[in-house]
Every structure is written in C-alpha cells, then in structure tokens.
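What follows is a short report on a single structure.
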Amino acid sequence: MTTMLPPEERTGIPGGTLITKTPEEGRQLAMLIARHTIHQIQPDLDVLKAGRPDYTSDARALTAAGQVVAIEFQTIAAANNYWR
Amino acid sequence: MTTMLPPEERTGIPGGTLITKTPEEGRQLAMLIARHTIHQIQPDLDVLKAGRPDYTSDARALTAAGQVVAIEFQTIAAANNYWR
Amino acid sequence: MTTMLPPEERTGIPGGTLITKTPEEGRQLAMLIARHTIHQIQPDLDVLKAGRPDYTSDARALTAAGQVVAIEFQTIAAANNYWR
Amino acid sequence: MTTMLPPEERTGIPGGTLITKTPEEGRQLAMLIARHTIHQIQPDLDVLKAGRPDYTSDARALTAAGQVVAIEFQTIAAANNYWR
Amino acid sequence: MTTMLPPEERTGIPGGTLITKTPEEGRQLAMLIARHTIHQIQPDLDVLKAGRPDYTSDARALTAAGQVVAIEFQTIAAANNYWR
Amino acid sequence: MTTMLPPEERTGIPGGTLITKTPEEGRQLAMLIARHTIHQIQPDLDVLKAGRPDYTSDARALTAAGQVVAIEFQTIAAANNYWR
C-alpha cells in the first residue's frame, strides 16, 4: 500500500499567484513550487521519504536542488518587479 | 512490436498557445511541454515505461526534471506577463 | 569510411530566421536548432546513430536533451513576442 | 544529537531585499541566498560540515556551486538595474 | 613540449562585437564564443585533441555542449533584438 | 600549512562594476567573476592547484565551466545594453 501525497501538496502554484508581499515570501514560494513539481512527478510519499536521507546529505544533490529554486525565484522576482 | 505514443502526446505546444488563464494552468502547460519534448525524442511508450520506476525514485533525476519544468515555466510566465 | 551529414543538416538556424507563425512551429524550430548544434560538433552520422539507442532509453539523458530544447525555445518565444 | 543551524542562517533573503548599494554587495547577497537555500533543505550543521571537505576539493562540485551563484546574481543584478 | 593555441583562438568575443547580420552568423558566433572559453581555460591543443574523440561520441557530453551554445545564443539573439 | 589566496583574488566583482568598454572586456570580467566565486568557496590555493590538471583535461568539466561563464556573461552583456 502506498501513501499518496494529498492534493494540496501537488498544486503547481500554491496560492494560485506569483505575486507576494515580500522577497522572503517570494523565496518561500519558489521553494514550494520546486518541491510541488517533484510531488507531481512522484506523488508516493514513501518513495520520496526513502530517497531523502541520501539526497540531503549529498552536497552535489543539494546544489542541484538549489539551482532549481534559483530558477523558480527568477520568475517570481520578475513577476513582482523585484519588489522595488 | 513497439507501442508508439499517439500524435496528441507528441504535440510540441499542447493547445497551440502559451497563453493561459491562471498561473496554475500555466504550470500544467510547462509540465506538459517538458513531457512532450521527451515523447518527441523517444515516442516508444514501452521504453519510456521501462525507465520510469528507476527514474522517479531517484531524487537527482527528479530534481533534473524539475529544472526543465522551471525553465519552461519561465517562458510561459513571461508570455502571460506573469498573470499580473 | 564515415557517412557525413549533408550541409542542410548542419545549418545553425534552419530557415534563417527565429520568427515562426505559431508556437508549435517555434517549438519545432527549437528542437531542430538543438539537434543541428549536435550535428555541427559531431557530423559523423555513424557515430550519432551508434549512440542513439543507449541515449534515448535513458531518462536522465532525455531530460538533459529536453533542457536544451527548453532554453532554445525561450529565445525563439521571446523573438516572436510570445505569439501574443 | 544534531546541531541545527540558527534561524538567521535559514532566512531565504537575508536583509529582506534584493536591492544593494554596490555590485560587490549584490554578489555577496547572491552567495548568501544560494547558501541559505541549502541550509533550508538541510539544516543539520553536522551533515553539512561532514560533506564540506570532499565537496570543496572537487572542481566539478565547485563549478556547480558557482553556477547557482551566477543564476542568483542574474536576478539581483536585474533587480538593481545593473547598478548603472 | 606542448602546442599552445594561437591568441586568435583564445579571443573571448571573436570580431569584438555581439552584433551580426543574420541569425545564422549569430549562431556561429555563439558556437565560437563557447569554444574559445574552453580554449582560454585549457590552451594546450594536445590536451584538447586527446579528449575530443571520447567527448564527441558521447551523446550526454554533446548535449551539455549544446546547452552552453544555447545560452550564448540567448545573449547574442537579445543583443541583435532577435534580428526582427 | 595552507597557502590562502590573497583578498584581491576573492573579490566578488573585480573592478566593482559590471560596465565595461568592450564586449571583450565584458567577457574577461565574466571569466574573472566565475573564477572568484570558486576562490571564495575554496580559498586554499593548494587544493585548487591539486584539482586543476584533472579538471582541465576533462572535456565535460570544461564544458561545465564554460556554462558558468556563459551565464555570468548574460548578466554583464545585459548590464552594458549589449554594447550596442
């Protein structure tokens, strides 16, 4: 039996908008969007949990994850006109 | 005998436009475009299915897939003027 | 004896323009440009064919190819003002 | 017992803004944002420290880290209108 | 004794400008700039030649090279206002 | 005893500005910025030197380095309005 992630963990754009009040909230949204994309491709929580310890103790894998967040944040920052 | 994906699974831009009503639909389109590119290069469903279990249980491969979706989404978000 | 790709398979920008009528044609152009770059670096058809089966049955390699197409498409979509 | 990074090491956007006085400060912010993303995914200092010697003596891993900083800096530089 | 590449093979921007008459010339410039960057880091022709056969028969390495050309071309295409 | 790189080799943005007179100088700055980021993460010259021979004779590692320079150059080229 597999434990599927609930639908709210698989929304593409949590909150339904790219507009945020602050850069900090924008960054959190970038992280969330990146994570939910993974959830959409692999919604089985057990598989995700099994991979996590190895993944989060590998500097190269963490760097790759950081790169995805950086790209999502570029989009969000542009959407918010850089909170200027 | 190979099972080829039907043409509608190999359209480059499903729906024929980058314009969507909501960020959520834009995100779904990004995912779809990313997936259809793979389908265009490898249209044999059996080969795709054979690779899927290994691929979707590997955090590094999932991260790489997430990066492609992030890049496609940048284009779609810009096309929609970020749904501002 | 090697089988070299003909010159038309090695054009950098097939058609000589980034402007296309539809997003779908733009996507096809992105795929073509990505492929021709490979042809320019490695114009020996036999070498390309030899690598193809392994490459197109590896989800990670397909993801990397999809990423290149995504980047080329960003440029083409911007050139066409996103076909708005 | 694990040593968790303090909250200030896990802020998404240290200082709460993308605007900096100089390109040099913008670059430092890019580095900091890249690092804090890693901290958010892996807040256990011991795990991070354990991976560091191997990681920082591997040219390929350093290059990957440099790429993330480059992407974050693109966003910050655009936010600051390139300090023109 | 090493055979160093001549200075003209190590210019950062051959021709000294990003402006080209056609997209095709822009693409050639992107390829050239990508190649010259490699030449600047590794100017020893013998080392470059030694690595070439392995590199150009590996679909994954060719894909990575294609990605760099795609990024350089983004810059050149923007510089030329997409030759619109 | 380790040989640390001097502070001027660890400046984030050498010269303190993204504005350059020519594309060639812009390209040199991109290379320098990419290199200094590595220096900031790993300031021990001996470690850097130890990794260099292996790294600079590996086409894949050189390609990855070229990609970082390409991204830094995008930023610099935009900052200089492409030296139009």
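Letters A, B, C, D, E and F mark the chains as written, and numbering starts fresh at 1 in each.
Simple rule for what comes next: a residue touches a chain if its C-beta (ideal position, glycine included) is under 8 Å from a C-beta of that chain, and two chains touch if they have at least 3 such contacts.
Model, not experiment: these values are computed from the prediction.
**Q** Leaving subunit E out, group the remaining chains by who still touches whom.
**A** Without subunit E in the graph, we get one piece.
**Q** Among all the other chains, which ones are in touch with both subunit B and subunit E?
**A** Common contact partners of subunit B and subunit E, which must touch each of the two, are C.
**Q** Given a C-alpha superposition of subunit E onto subunit F, how large is the rotation in degrees, taken in steps of 5?
**A** Going from subunit E to subunit F via C-alpha fit gives 60 degrees.
**Q** Once you find the CA centre of subunit B and the CA centre of subunit C, what distance in Å lies between them?
**A** The computed centroid separation for subunit B versus subunit C comes out at 17 Å.
**Q** As a quick test, compute the distance in whole Å between the mean CA positions of subunit D and subunit E.
**A** That pair's centroid distance is 29 Å.
**Q** Where in subunit E do residues touch at least two different other chains?
**A** 64-65, 67, 71, 74, 78
**Q** Which of line, ring, star, complete or other matches the graph of chains that touch?
**A** ring
**Q** Start at subunit D, step over to subunit F, and keep going round the ring; give me the chains in the order you meet them.
**A** Order around the closed ring, subunit D first, subunit F second: D, F, E, C, B, A.
**Q** Could you pull out which subunit B residues touch subunit C in their complex?
**A** Contacts found on subunit B: 11-13, 16-19, 33-34, 37-38, 40-42, 47, 50-52, 54-55, 61, 64-65, 67-68, 71-72, 74-75, 78-79.
**Q** Taking the complex as given, what residues does subunit C use to touch subunit B?
**A** Interface residues on the subunit C side: 22-24, 26-28, 31, 56-60, 62-67, 69-71, 73-74, 77-78, 82-84.
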